[in-house]
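Each of the two complexes below includes chain A, the first together with chain B, the second together with chain C.
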Partner chain A sequence: MDSFINAVVSGMISGSLYAAMALGLTIIYGVSRVFNFGHGIVAVMGAYLVWTALNAAGSTAWFIFGALIALAAMYGFGLLVYRFTINPLLKKPNWEISTVLFMLGGGILLENLLLQAYGPRVKSYPEFLKGTLQFGPIQVSYQEITLFVVVILAIIGLNLFFKYTYTGQAMRSVAQSIPGAKVVGIHIDGIFGLTFGLAFLVTGFSGVLLSTKYFLTPHIGWEWMIKGFVIVAFGGLGSTNGAIFAALILGIVEAIATLYLGAIWVWPIWFAMFLVVLLIRPQGILGGRV
Partner chain B sequence: MDESVQKTSAMLEVSQLVGYYADLQVLRGVSLVVNEGEIVALFGPNGHGKSTLLKTISGLHPARGGEVRFNGQPITQMPSHKIIEAGLAYIPEERHLFRDMTVLENLNMGAYNLRARQSRSQNLGFVLSVFPRLAERKDQLCSTLSGGESRMVAIARGLMSEPKMLLVDEPSIGLSPSLRKAVFEAIAKINREKGISILIVEQEIRDALSLASRVYMLKRGNILFERLKAQVDLEEIEKAYF
Partner chain C sequence: MLNALKKLSWKSTIAILAGLFILLYPMLGASAYMKHLFILFFIWSIVAASWNLLMGYAGINSLGNVGFMAIGGYTSGILAKSLGLSPWISILIGGLVTAALVTVFLGLPALRLSGIYIALLTLIFADSLSSILTQTRAITGGAMGLHEIPGFIPNMEKIHAYYICFVFFLAMLYVIYRIVNSNNGLAFVALRDSEHLAQTLGVNRYKERLKVFAIAAFLTGLAGGFYVHSLGDISPATLGIEPFLLCIAMVELGGVGTFAGPVLGSAVIVFGSEFLRLAGTLRLSMLGLLICVTILFFPGGVMQLVEQVEGWLKERFRKQSASKYPAD
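Presenting the complex of A and B:
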């Protein structure tokens, strides 16, 4: 029983990290209907940039400064990717396919650029908090608790942004009705661009969180992305709450399956659940929009 | 009529406008004028270009010839978000509400342009006085509203953009007679109290005539005729529909 409870707790923690990673994917899809097939590499890129800041910085203050620059760079990268690649593609017929192929190709290119820059060896973030919290039967490290809290804060922050800022509201408006958004005077291209910037920032940050718990190579992004795909389809494409919910469920399932059956069973069980959900509720468990 | 006086007070001047719906030419050189503070009705059979005209004026469809001037300024090639900022709002027949947002959130989105944000709370007060029903419904999601209420939100959202002029596309379609009356009264009030010029496309000819001071008949992408209210002959209008 104790090990079951601990599996649930650790599943919630990894689920929260998956949620953070899936958010960027579902935000872009919800607003612009572009499915980012290079999503995992965006997360990896953010993790490498922040890792670079960590290694270059001599003190915590410098590290925080460098990490903020790295995340700002991810935001700028998202804007540029939209402005110079996705935006022209969206103006052509068959943009659904061309954007998918472009992002896939762009992801492979970026993966290999990262491979050239950082080499194939596994990198990892050092443990930043030592010690373990013992609470009844539950055992969980302070580092993991911190990661979980950071994800919750980020999700709350995003929700406030979507609810209370003009830009966030405009993103929701575009997600719900592009003609309606045009009628109230929203510049659709501008909002698409900001959405890519925001999603790349969030995704890059999620890459940092994931590689703090696991590890980092240029190739790990594809595995993260497949997990992200299952999560967003499970939770309902374009729904942020659905993605968070699905990520927590799948994280817990992963931990329990690993505990009782072994890690090799995680993918088969994930995909079996995924197929059942698709058959019963093709729109996902909380099908909806941003 | 004194031509020169009419020219100087024109709020909207459309001349020889050519517009397409997808690849089909729908507008074949449409010209019309709406003066400051005036309500003008646009009649015409379905599929003859009324909605395309409003969408082309408001920048949602590209103009492929001719000119649109709003408040003295050429807006023919302006993107739609700039046109709204200039004070010309379009209220689509399809409404296009944000279904997963509350009524209040929809209204606030109407005030998205930078000019309207300044006066958002005053405009909200006015809009809720025109449509008291919306004040009762303000925290309800738009997906739960009735057809009449959705229409009110669409008009109210357009008003929140602090417009100098409204283009209203078939505001009464699908509404019961009593709701229709309420909507037309609201449009009259908007015009009377705010001096907002209005170009209204309508199938309910008698109702529209009670509001408008002039009418245009649009047929096959051209203006067939223009009449002052006093000159309107209902038979002539009905004949134009066939």
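Presenting the complex of A and C:
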């Protein structure tokens, strides 16, 4: 029983990290209906940039400064990607599949450039907090608790952003109806661009969190991305809350499956759950429409 | 006879000449390596052409076609190697198994979904396939894959495989040509271009989509069978990111939704990627860049260039003949 409770707790923690990663996907899809098939590599890129900042910085203050610059670079990268590649593609009739294939190709390109720059060796972030919390039967390391809290704070921050800022409200209105947003004078292209920037920033940050718990290689992005795909489809494409719930559910399922059946069964079980959800409720657990 | 020759367009002339060249090439002293590349070209162009049937003609955004190929290849390889079935039967069974599995696991769910969900579902399907293949070592050989799969005939040499695959290639192209130009093909295209109009005109979306999934999977599964029996081995690496990207590049580069596009694209990719080996570790980056550039700047692929050149030539030709015989 103790191991079961511990599995649930650790599942919730990895689930929260997956949620952070899936957010970037669902934000872009929700607003612009573009599905980012280069999502994994964006997360990896953010993680590598922050890792570089960590290694270059001498003190904590410099590290925070460097990390902020790295995340700002991710934001700028998102804006550039949208402005110069996605925007022209969206004007063509078969934009849905062409953006998918474009992102796939671009992802491979970036992945191999990162491989050239950083080499194939596994990188990892150092443990920044030592010790474990013992609470009844539950054992959690302080580091994992911190990651969980950071994710929760980030999610609350994002929700506040969407709810109270002009840009956030504009993004939500574009997500609901593009013609309606145009009528009230929202610049669609501009909002799409900002959405890409925001999503790349969030994704890069989630890459940092994931590689703090696990590890970092240029290729790990595909694994993260496929997990992200299952999560967003499970939760309902474009629904942020759906993605968060789905990530927690799948994280807990993963931990329990690993405990009782072994790690190799995680993926078949995820795929089976994914199929069942698609068959019964194609719009996902919290999604509004297909 | 002569009249028939005169009617041939320059495109068919080139195609026939290329076919003759391929037919005679081994006798003109092709190296074993070149024969190997041609075999790869025959098989991959069928995979690309049936992918194009699904993506280009029917507008179903499948990303799992390399997975279909692996199912066909593995089924046929296992049947021929472990059970000693004749490859000719096992390839057929492989194709049927692929069609059945794909229809049940992808076709039926995909009927209820649209657009991006199908891309997600098929990609995840192909991805889980490789982990299943790695786990079932007793049957599929695990991560090492299957080796020493028997050839089409006992003591098969490269040249036999070359001609067998060439015949397969021509036959499959003919089948795809007939499908595209049949009522079914028209129905696929109608569903792609205007789903609601097509349905109003009596096209059954449910039936046609299921059909196109089954056909594409069957053809790709057959190609997988020919792949394993001519090359002798297959491993989960076939499902890796590189073959997947190569195949996408073939379809995209050739021209989505055109009949000759995937064949041209796979010729460019199969022979071109050998040159890219010179780029060493940068090979995959170049492939990614190639896909990005094609989509951004030449969305119609090689076929678009061909059409443009043809249009330009016709224009010039017309001007010349106009100046030669001025109208009164």
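Here is the rule we go by: the second predicted complex is superposed on the first by the 287 of 290 C-alpha atoms of A that agree within 3 Å, B and C clash if a C-alpha of one lies under 4 Å from a C-alpha of the other, contacts with A are read in each partner's own complex, and residues count from 1 in each chain.
To be clear about the criterion, a residue touches a chain if its C-beta (ideal position, glycine included) is under 8 Å from a C-beta of that chain, and two chains touch if they have at least 3 such contacts.
Note that the coordinates shown come from a computational prediction; the quantities given were computed from them, not determined experimentally.
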item	value
Contacts of A:Gly157 with chain B and chain C, given as first, second, both or neither	neither
Partner chain(s) touched by A:Leu115 [first = chain B, second = chain C, both, neither]	second
Which of chain B and chain C A:Val184 touches, first, second, both or neither	first
Partner touching more residues of chain A, whether chain B or chain C	C
Touching partner for A:Ser173 - first (chain B), second (chain C), both, neither	first
Chain B versus chain C as contact partner of A:Pro137, first or second or both or neither	neither
Residues of chain A at both interfaces, chain B in one complex, chain C in the other	none
Complex contacts: residues of chain A adjacent to chain B	166, 169-170, 172-173, 176-177, 179-180, 182-187, 288-289
Complex contact set, residues of chain C against chain A	55, 61, 63, 105, 108-109, 112-117, 119-121, 123-125, 127-128, 131-132, 135, 241, 245, 248-249, 252, 256, 281-282, 284-285, 287-292, 295-296, 299
Residue ranges of chain A touching chain C (in the complex, touch as defined)	29, 35, 37, 85, 88-89, 92, 94, 96-98, 100-102, 104-113, 115-116, 222, 226, 229-230, 233, 237, 264, 267-268, 271, 274-275, 278-279, 282, 290
Of all residues in chain B, those that touch chain A in their complex	60, 79-81, 84-85, 89-92, 94-101, 105, 108-110, 112-113, 117, 157-158, 161
